[in-house]
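A, B, C, D, E, F, G and H are the chain letters, set down in written order, and residue numbers restart from 1 in every chain.
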Amino acid sequence: MSQVKTKLMQGNEACAAGALAAGVCFFAGYPITPSTEIAEQMALHLPRVGGKFIQMEDEIGAMAAVIGASIAGAKALTATSGPGFSLKQENLGYAALTEIPCVVVDVQRLGPSTGNPTAPSQGDVMQARWGTHGDHPIVAFSPSSVKEAFELTVKAVNVSEKYRTPVVLLLDEIVGHMRENVSLPDKVEVVERMKPANRENYLPYKLDQEVTPLIPFGEGEYYHITGLFHDESGFPNLVPELVTKKMDRLMAKINNHKDDLIITDEYALEDAEVVVFTYGASSRSARRAVKEARAQGLRVGMLRTATIWPFPEEKVKAVAEQAKAIVVPEMNMGQLIYEVERVAKGEADVVGVNRYNGEIITPEEILQKVKGLMNGATN
Amino acid sequence: MSQVKTKLMQGNEACAAGALAAGVCFFAGYPITPSTEIAEQMALHLPRVGGKFIQMEDEIGAMAAVIGASIAGAKALTATSGPGFSLKQENLGYAALTEIPCVVVDVQRLGPSTGNPTAPSQGDVMQARWGTHGDHPIVAFSPSSVKEAFELTVKAVNVSEKYRTPVVLLLDEIVGHMRENVSLPDKVEVVERMKPANRENYLPYKLDQEVTPLIPFGEGEYYHITGLFHDESGFPNLVPELVTKKMDRLMAKINNHKDDLIITDEYALEDAEVVVFTYGASSRSARRAVKEARAQGLRVGMLRTATIWPFPEEKVKAVAEQAKAIVVPEMNMGQLIYEVERVAKGEADVVGVNRYNGEIITPEEILQKVKGLMNGATN
Amino acid sequence: MGRMEMRLSGSGGQGLSLAAIILAEAAASEGKNVVQTQSYGPEARGGASKAEVIIDDAEIDYPVVTEPEVLLCMSEKAYEKYVPSFKGKTLILDSTFIDSCPEIDGVNVYSLPITKLAREKVGRQIVANIVALGALNGIVKIIDDASLEQAVLNRAPKGTEEMNKKALEVGLELVR
Amino acid sequence: MGRMEMRLSGSGGQGLSLAAIILAEAAASEGKNVVQTQSYGPEARGGASKAEVIIDDAEIDYPVVTEPEVLLCMSEKAYEKYVPSFKGKTLILDSTFIDSCPEIDGVNVYSLPITKLAREKVGRQIVANIVALGALNGIVKIIDDASLEQAVLNRAPKGTEEMNKKALEVGLELVR
Amino acid sequence: MLQINVENLRMQKLPHIWCPGCGNGIALSALTRAIDKLGYDHDEVAIVSGIGCSSRSPGYLNFNTLHTTHGRAIAFATGLKIFKPKMKVFIVTGDGDCTAIGGNHFIHAARRNIDLNVILFNNNIYGMTGGQASPMTPFGRTATTAPYGTVERNFDIMELAKAAGATFCGRATAAHPRLIESLIVKAAQNKGFSVVEAMLPCPIGFGRRNKLGGPVEMMKYLEENSVRVQKAQKMSEEELKGKFVIGEFYNKPAPEYIEEYDKIIAKLKK
Amino acid sequence: MLQINVENLRMQKLPHIWCPGCGNGIALSALTRAIDKLGYDHDEVAIVSGIGCSSRSPGYLNFNTLHTTHGRAIAFATGLKIFKPKMKVFIVTGDGDCTAIGGNHFIHAARRNIDLNVILFNNNIYGMTGGQASPMTPFGRTATTAPYGTVERNFDIMELAKAAGATFCGRATAAHPRLIESLIVKAAQNKGFSVVEAMLPCPIGFGRRNKLGGPVEMMKYLEENSVRVQKAQKMSEEELKGKFVIGEFYNKPAPEYIEEYDKIIAKLKK
Amino acid sequence: MAAVKATPKAEVTIKKDWCKGCGICVHYCPKGVLAMSENLKAEVKNPEECTGCGNCEIYCPDFAVSLRRIQ
Amino acid sequence: MAAVKATPKAEVTIKKDWCKGCGICVHYCPKGVLAMSENLKAEVKNPEECTGCGNCEIYCPDFAVSLRRIQ
């Protein structure tokens, strides 16, 4: 029997491996189920590559330390779950405004509150977008397999460096804890932190550029970083015109690059009358449901997104225009469905399939909903 | 000249006065601009009425203490602004799941992060709904005058007691800091904490009742409260069927009572072709703009909501069906407009007027947008 | 009476917020609608700060002062910040701090030694804000003198009533 | 080969997760697709815990075991929890802990003294999980014996290789 | 039972979720006996905890019981106690819960000298999440997040509590269950902020990885390395290395927060 | 200037935003002089602060400067320092920032003995937000949130730092600017976690409400009530009431966090 | 001295269901009254030796040991 | 003793723009070199008395005082 060189890996392990592959050399965290294995892996491996791991006193401190290390030049990452993600929100907003690259992994578990720490959920999807006060840019990815946990961690680190922005990686307990056989690339494409072409008159927040390279502290330029609104040089400046420009630029640096940020895949979409819109672990059930539907001769397709934010508006709009109905399975009470509804503008029926009790949605549930809609649709 | 018995009052003062009128007897807080006057007023007045004020070590502790006091039987309130609101999120979710009444006032300032602490904003509107991890019920009000700051604080306290739920009161720096002449009622309608009719076999979380009366600790029943999912008696229980029932009940207790919770007012709506949908301080500008438009003979109306969550879907839907366009002025980059768009389902054009630089939206800006749409509409 | 907007400007410690509050309270006591606002934060420390009042018989919707009819300036910095854009009718300057006395088309400019008189005639520089109030109302006469006095007394800390009354009179005198 | 679902159940300290991982790794080494999951949390402490493996030639979409074909039970509690709903073909019980040996229609039930033999023949109760693995694969034969042995060795802590090999053999013996 | 009043336990919730030989049960048992000795009514007692293995204790105790969020037990308890001072409040908290994420609430409650009793279940590790290092994991010990041995020094919580303002501090180990009990009694009798540290074996999360043997070996270890505070005072720093000093460390009343606040209320009433 | 090196200041950002007579400027001046004495390069120095009047300091200093979130300066600095140990890191933090919301990061950094230097600008009040009580507002003093006098005891931050694990602790007042300076120099020279408390007048937020007079009166008050630590040791508790003990409190090296971590890296490399 | 059978001072009961087999009671029994059984639960081996010292009840982390005084 | 005019050891300059008039330099000048002016800013009154002790520069919270040594 032929021996294939694949590896059995847990999703959380793959995430840590992805972080290391992308060049992450600093991790600060605080243990919390079901994310702890990421910290444990980083504690094990970082000192071997000369990187630094620290377990902080709480999640707030962990988020702060990650930003501090990034300012010193580190590619930095932290991992947590719901309760810790809530605690990180204030400093996440700081990273967004000050444009410090960093990655926050949230392995979602069943909430609210302590909820059920060992059960899966997709309940923090909206929190990733709106959890901190005030408007701010955010990018969020959500993998649906162990392999993708690796790939999207690499992507998250790259995006955070490229756009000088915090990136959220939304795993769920299923993807985080399950093991799959994966074959990982020896090398991945890595975005290194940009260096400014011209060091003269270094301005860390140029307004006429979407992204200004960030020179780490201690590397020749000494300047100021603040969570107050600031001018191009980084000093506090609350003049309304400047604030508007800053905010516009912050949003533009994400919104103008949706092509680079939005990753989706389609399955059996061409002639689909009903489309399942899905992400994360739920898409595993969705895929099976769609296969089964096609096997039964039903014109059902699937649009899966790996990018939660920015929301893939264009793709969903196109689907809404084509299909009669969109089914949105989520392990929550309906979150991303708000976006689907908004974008669909009434062009297609939008129906959720929801589980919020710690169980994964089954293919049967989705199939049933799809069939119900097909019957409705052919009436 | 006749002497009228009105009082000049600051919005924050009115909020504190409302809290006291509604029977709030416990306040825990942590200072933050532009909310601090609420804490200061409570520090001054609570001991006079035998209540308790405590300045905690941080906002997390303040939120915790408020929940603790409520469990002991207090009507309890805390006040903060964006950064503090972010920190309170974890425990806010605890209150939602454990169904402990309490009120959180967030006097919104310009974010993200430290932003501009003394500038107004409506940037925490979505955070109020999605700030904590996991699904959860939430009620949020937003006043647009000093008088309403008083009234909605009373309402918030009443609602929190009636439905055993945390309530968020979203002020903004304008309403919080401005002074207006108000005449306040001597007495207000106050909802007292329900007492169970029958004490035998007290179950704090009955599933066949939307809301079970909460017997405070130390008053005869000793039972268990936990942020884990729990059964009717309050003990941890993670069985999926129970979780589903709990969550359904949690949401139903809010969603089934929208009539009681949703407060809106309409102005010149009857024949309006363009409707301004508004809330908070922005509605002051909106009102002036609509008056001016009507004075110019334009068929423009206004729907103002004092209830942010649950979102007044029905009203907005009706407006979308009637009007050609809905204008949504917000002191943020567009937040509640997402809900308007979603509910409008493409029936009306939905257009934002946004300021996110610390300035209030002017009536002129709104009027201009309205006129542009009118022209479009009459083409 | 239609909408009337006033801006009192100066620096941090001069008590202009209190002056604006008193003005608003006096107007409210006469059944008027009022809105009073002020600048907060670092800009109120060191730099120029302002306190504003809107008075109207009708309900006040838009609560922000945009084009004040009356502008009081009690510091050089406030003068620099607010006078250039002033489009109202009445400009009152505290000559204790502001040397210039510009001529502006359609504007009545009053250059008055407000703080100096507070110091010299009332004996306490701290009541300059009340002197200013007296002068302001003496000029624009929006509020009954008695109402204003009552409003001042309502806010005066115990034991300072006479001093504040005196200050108000000194202000009124100045423009009578 | 189509989709094959297996559930290994017992109590917290019995090393069933490791057994499932080894099983999955062995299958993967043969080019199969695998998904391995396990129960976490308080339920894994004290109560019954489980570890599951799905093996398939095709891509595995839905990653959850719903109707395992093979069920291993190594504690009384696990027996109570998982046997009643079992609809598969192969049921393996550790008779060290489970007295009953039910007869179920269409199910091949193996009652084996797994832990007892680990203690008696290998000398360490701790390798009962490997004994169980040997027996399980001996029955269902989804994996080449050599692949399984290699997988066991890959995971064996240094110095315990022989003991683990022995345990695997003891298991295989049991059902040969 | 002879020494344990089963009315203080929620028998229907037992057996508890803890692992075999987990020290939490020994401390929990001591707590029930102490409350019994104190003669409190069920309804005037509140047990408040955070999150962790130890923090599951309240669920087994037949009083008003509150299981809060990780690290925040003292803050919840502060609100509860201030609003209803007649409640006797015991906080059951783990070393992670109390001294890592909850450290700030701990020192501030101590500073205020508010009448709360903290029973710190110190097993030197994060048990619930599977064995990560805590601020009370001794220097050099391994944990899943300190695979090469922790390079962080651990708190001496007795010193910290005292410096922050606590007015009663005492320590015992699972090997001295009667001392835990008597320290809890004294803690409750102190009108102010009291801290009792109970050093407990966690055979699964701490012992196994550090090769400390099973439950019995860990108990022996605690027993053999404990030194009474009176004796410790006569020992050199060198001699004390690796030892656990146990007994009553500090007991010195000071103005209590709620009493001081009540004085203000009383003054305003006049 | 003669003693102040203007190159350490961002002259174009001056005058600063602080009120007349605010003690922050005096401590800031001492900090610039200390850094000058230490002979550090601009680029190897990082000044990190939280939020508050005092925390605006970094903006005026000509180094790598980082103004973070309220209470979190030490945690940000921890990440920065660990990743780039060559940086000399000074944390400028207020009494509220450091000991209220930031208390936990403070004690944990002390416990780790990580090589950071905390310069605590203690004005006994929340200045920036307008005069609320802080954990270092003395018992009985009034504040906007303690209109009847605070009923909370204040921290002795020297004791707390030491108990938590700091290896250098010293205190001075605005009336002793040269002592602030020399303590900062020593703090920086200590390889480990160092705390320098500078007691500073806040005439606007603290002095006015407590009727302590203007800036000069407040400076006199600090001067007259200060006692050197050497002298204090010979004084009774009674005599020390209301006094501020100043000078070097504690200076005892211990293993530093980063050095210990580096040992692990080195071991793994072999 | 002739072997005299001791009179037990207390009766010890082990709740098998709750006993998790840690062995702590056995270790702390000064008289060897208790022992671990084959199936790893505590059991009463020499009841007559019991002095009623109470250790077993107090040390058991699982509330699995009950004492009843024998008068 | 006849009055001898002292030789100043340093030249003191006050940046009027930055001086906020707190009076601290005046208080800490041991020689009365400094005083507050009418408009509440510090000013140099008796330059010749200056000993160059440096207090004024070190104590000024506003960096408004500069010393220059006179050789």
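Assorted remarks:
Keep in mind that, in the parts below, contacts are C-beta pairs under 8 Å (C-beta built on N, C-alpha and C of every residue); 3 or more make two chains touch, one makes a residue touch a chain.
Bear in mind the structure is a predicted one, so any value in this text is a computation, not a measurement.
Note on connectivity: the fewest steps through touching chains from subunit C to subunit E is 2. For the pairs A-F and A-D, the larger set of C-beta contacts lies at A-F. The geometric centre of subunit E is 28 Å away from that of subunit G, both derived from CA atoms. One finds 87 Å separating the Cα centroids of subunit D and subunit H. In this assembly, the C-alpha centroid of subunit E lies 59 Å from the C-alpha centroid of subunit H. Residue positions 20 of subunit G are each in touch with at least two other chains.
Each of the following residues of subunit E touches two or more other chains: 15, 18-19, 51, 69, 100-101, 103-104, 108, 135, 148, 261, 264, 268.
Shown for subunit D are the residues in touch with two or more other chains, namely 42-43, 46.
Interface of subunit A with subunit D (complex): residues 1-4, 6-8, 33-34, 116-118, 173-174, 177-181, 281, 284-285, 287-288, 291, 360, 362-363. Residues 60, 81-83, 85-87, 89-90, 93-94, 96-98, 106, 108, 110-116, 119, 121, 123-124, 126-127, 129-136, 226-229, 238, 240-241, 243-244, 247, 251, 332-333, 335, 338-339, 341-342, 345-347, 356-359 of subunit B touch subunit A in their complex. Across the complex, subunit D meets subunit A through its residues 21, 24-25, 27-43, 60-64, 66, 144, 147.
By the touch criterion stated above, subunit G contacts subunit E in their complex at residues 10, 17-18, 20-24, 26-28, 54, 57-64, 66-69.
Residues 1-4, 9, 14-16, 18-26, 29-30, 33, 177-178, 203, 214-216, 219-220 of subunit F are the ones that touch subunit H when the two sit in their complex.
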